[in-house]
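What follows is a set of structures to go through.
What follows is a pair of complexes built around subunit A, which joins subunit B in one and subunit C in the other.
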Partner chain A sequence: MAIAFKEETFRDDFTFSNSPEAIRRFPFPFHEDSYMYSVNLEQHVPVRPENTTRSLPDTVFDKTFDVDEHYVAEMKDRELVLAEDPLRCQSLPHMTLAGWDLLELIMTAKAAEYPDLFELHRDGDHWHWINRPLGIEQKFVFMDETTLPYGPMEYITRQTQGDFALLDQRDDNLWMDAGMVTTQADWSLDFDIGMNFFEWHAPVPKAHEMGIFVRALKFLLNIRQGSPARRLNWTLTVNPLLDTSPENYHKWGVQRATLTPENLGQKLHLRVELQTFFRLPRSNALVFPIRCYMISFQDLVTEPKWGRRMHRVIRDLPDELADYKGITRNRELILDWLSHYDDGAPTSPGAWADER
Partner chain B sequence: MSKSVLEPSIPSRPVYGELAPRSGKAHLFIADAEGAEAILDMAKTAPDGFFARAHIIYIPKATGERYLERLESLDPGQLYFGPSYEAALPRLRRTLADAHMGLQVYLAGTEGLMGRAMQEATEAGIPHTAIQSEHRGSTARRVQCVHCKGITEEVTTDPFQCSHCGLHLFVRDHYSRRLAAFMGVCIDAEDPGDIPEPVERFT
Partner chain C sequence: MSGGGKIPVTVTEVVRVNELIKRFKFERSDGGLLPTFSGGAHTVVEMQDYGTSRLNPYSLMSDPADTSAYTISVRRDDEGRGGSLFMHRHVRPGMEMSISNPVNLFPLDLRARKHLMIAGGIGITPFMGQIAQLSAISGRFELHYAARNPALAAYASELSARYPRQVHLYFDDYDQRIDLQGLLDGQPLGTHLYVCGPKGMIAWVRNTAEAAGWPREAVHHEEFLAPPSGKPFEVKLAVSNKVIQVGEHQSLLEAIEAAGVDAPYLCRGGCCGQCETDVIDYDGTFLHNDHWLSEEQHAGGKKIMPCVSRFEGKTLVLDR
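Take a look at the complex of A and B:
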């Protein structure tokens, strides 16, 4: 299936939008009418949900690294962020090998799963990479940094949607020792680089006390090569702003104060992170891609089940979580808007939209 | 008594303990202000001759001469009083560069001093198991502005004004050992100009 890549922006005039197909495949994150933290990790394999009668020609879980209609525009936005702040991409010296592992993983997966978009030809260490959507053709020597315009992690993640954290594994912990982070939900790679799993999660309320991180870490330490895992996380963003970084919060924070009942449907977006975890073969590092999908509330409620459920989730969200997700100041406004899409009818189990 | 009680745990913040004499070929102390008391307390349980192999780098700051005589009376092999951490830094780096296996490092005083000295020690290859720390005195924080990346020392109020870019920042309970600093985040980003009165939070 050919993808029609959109020309759109995630800043200034915010022309981002989802096509009907993109709405249909949106990874709605709530499988029931309420939300609380859990260790919601599962195998990263293509999904054919049993609890919906609806046929889903494709989902965001089908490919190792999903490529969608926003690909080209997202890569342009990343380029702008990096030009303004090069500290969004960093790699501690011992992580170069993991960078090559990641480059190999992405190139081989994309070439195999999207042969009309990407090609990889390998002759020993001499590799030839073709990226049609971005118009890139590169011949290079695998494991020889001098043959690429950037380090291997930076090179490939400038061509792959989503943020990437490379986690070194030692002392029974994971260490955030490299990353490409330009579409983050308010966390700073520059501040967190070098931290272990518990340290970089320090600002998250409640979950420490609930033992979430201890259990999650145990799971992640045991991920094996060839058996990736995934989970979804979410927040709300005013305007389809990919770069909601703490670095630029003094510039974008004011947008949170612009919501009105009239513009909410168009301005407010559910922001879902598809987080995946892969063991890397040479370095034994983990790569942690964090892929961001956004949908405006007016598009979200075109699926009646999602509208009802979104209302119930926001209504019953514990205050601390609402605070952490930056929802508190607009919560009443959001609830009022959503209440028009909740008739109190029961919702079907699972996250998928109902057949209409 | 200057033993300070820190706010309940922040998972990214180091846990400070109590200095105890360890066996080692050499002992390096880096302390500021009331941190001297941690050294003096520890000295009570130190074996005879312990301080002959000790090098104390001490920055008195506002405590002036309060602890100097008592530190001298420990009769350390080397004793240095410095006017500031920056002034003491070349000496500290030289000492760490000359260090042999078996050096024990003792940090005492403010979090800012301990964090920065910890950076130097670990960069010099001193294993973290050979470094002890004890918090004494001011709970003032060293804070990095997440926006301009400049670091403001001795922050006692929340919010405070970044000494580099001038933004008004609140102090997030998130600490980076690499930077030896807490994170400061713009407090009036959503409502420009709406800056709460600063409260003395870290004294």
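Take a look at the complex of A and C:
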């Protein structure tokens, strides 16, 4: 499977777009016509759509770390963010071992799952890494930081789509002690670094009462080597902006006011985070990759089921969740636009698009 | 959720370490490499003990960086329910078994400037992996290891030959005792304390450290309880709609699993909290043996930890 990597931008002129193949494999997050906040964690294993006979050549869940047509462009965007703000990548000193664990996990997975794009040759501690899409070739000594241009976590996450949080596990809690965070939906590594699970989750409404977090933490503490987990989260973004960080709110927050009925289909994007969790072997830390997929509303509604369902989800969303997702301001506008794609027909179960 | 993937392994070596302890070496049956692990981790060994399947946790004591084989040490417990007896009597080189992916409930705190380890008897095993891991990265550690006598102090001579300055041995038969108070007083800032051994030793170390003002987060312990035997009892599993019998030498968790119901667990020794199960109805007395639930919860009759706790009475209905 050859991937045609696109040249595109996630800022200024926003040339980002999805090819028809990328639309078809988009991880639409709604399994039914309404949405309620829940933890919905499941094992991170490949899944096939159950409710459709439609042939999907691949899905975003098939590989340990999905590589898609936006790979090269996303890595360029990360480079730009880091050049402006190096604090988007931080690692407390005791997390270096977890960084090596992560480097090993990503390199071995990518080399095994995308042999035409990545190669890893190991001779004891002497490793040779080839990344064809980014044109990188590196010989280094595993566990010897002086042989890489960056620390191990920074080195490998400059070559892997998605944000990464490295969580140290101690005192029956998880601690955000390292991370690479340049594409986040409104949270800040610099603010959260060193915090524990409850501290960094503080702003979510209602969920705390539901005891959701206690159960989620217990699930995460239980994640074992060899059994990664995943969940999806979603929000809406005006313009395909990867970096919607609090640090840059003054730049992107104002873009929300630019939405009109005419430009909505092209400007408004559903942004889905594929969050995965892996136990790391040497450090016993957890790594939490947060991979972001975006799709414009005009592309989304090319799947009629998704158009109908998106309308119903936004319409029936409880107010506090709408606030939390940052869509209160434009909700009427969005509903009006989406209503043209909802004829009231029933939708099939599950999130996958229907056969056409 | 209880899964985590089983690994089919072959026993490639069984060594009698001393009168009470045997060491077992496992290699992957398919010839591949085992997962890397972190010092302090354990694996759950599955035994087919003539009709009863047992899942017993044992600390991994080999070098975490060596993925060609895992080794564990098993102390024979003549009074126990039979897991250790099965390992001692029936497990031979060449046998096929299955083990879990490694799980670490006793990890090193990698922020520590120094690791101070206190081991009693078979409690030495998790430290073997930790010491191998630390010495590879030149981490600073000190081990104080107490055993009844030199003959029963497994691995003591190997350890002191390798790390003469870091390893300190104490033998009960020679009236040698760890001067814990003095030891705790003399530690540099940023030291973390780890203890693994018999119940009494763990309590002594934790209490002494607390009295000396050590912060809770800097004191780590590992204590696997062996599930106690007891009178057989009957349980109704409401969700799976099954009535099961728990045998005398079987734990409630093992009985649930034997009925084909998947139940969560990690430590199988009453300390991790994963197996916590809601009680829907009961008429009788709980025999709580875990370290997880609070005293109020033990008295409340709403929760049970099926890996180690039992029940006596007429009815017990669980949310499982």
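Following the convention adopted for this analysis, the second predicted complex is superposed on the first by the 356 of 356 C-alpha atoms of A that agree within 3 Å, B and C clash if a C-alpha of one lies under 4 Å from a C-alpha of the other, contacts with A are read in each partner's own complex, and residues count from 1 in each chain.
The working rule: contacts are C-beta pairs under 8 Å (C-beta built on N, C-alpha and C of every residue); 3 or more make two chains touch, one makes a residue touch a chain.
Computed from a predicted model, the values in this text were never measured in an experiment.
By the touch criterion defined above, A:M195 lies against subunit B but remains apart from subunit C after alignment on the C-alpha atoms of chain A.
In the superposition on chain A, contact is made by A:D168 with subunit C only, not with subunit B.
Counting the residues of subunit A that each partner touches, subunit B and subunit C differ, and the larger count belongs to B. When the two structures are aligned on the shared chain, A:T59 is found in touch with neither subunit B nor subunit C.
If you check the complex, the residues on subunit C that touch subunit A are 1, 3-5, 35-38, 40-41, 64, 100-104, 107, 109-111, 133, 137, 216-217, 264, 266, 273-274.
Those residues of subunit A whose C-beta lies close enough to touch subunit B in the complex are 87, 188, 190-195, 198-203, 208, 246-254, 256-257, 329. Contact residues of subunit A toward subunit C in the complex are 92-95, 97, 168-172, 218-219, 222, 224-227, 281-284. Across the interface of their complex, subunit A is touched by residues 10-13, 144, 146-147, 149, 167, 172-179, 183, 185-186, 189-192 of subunit B.
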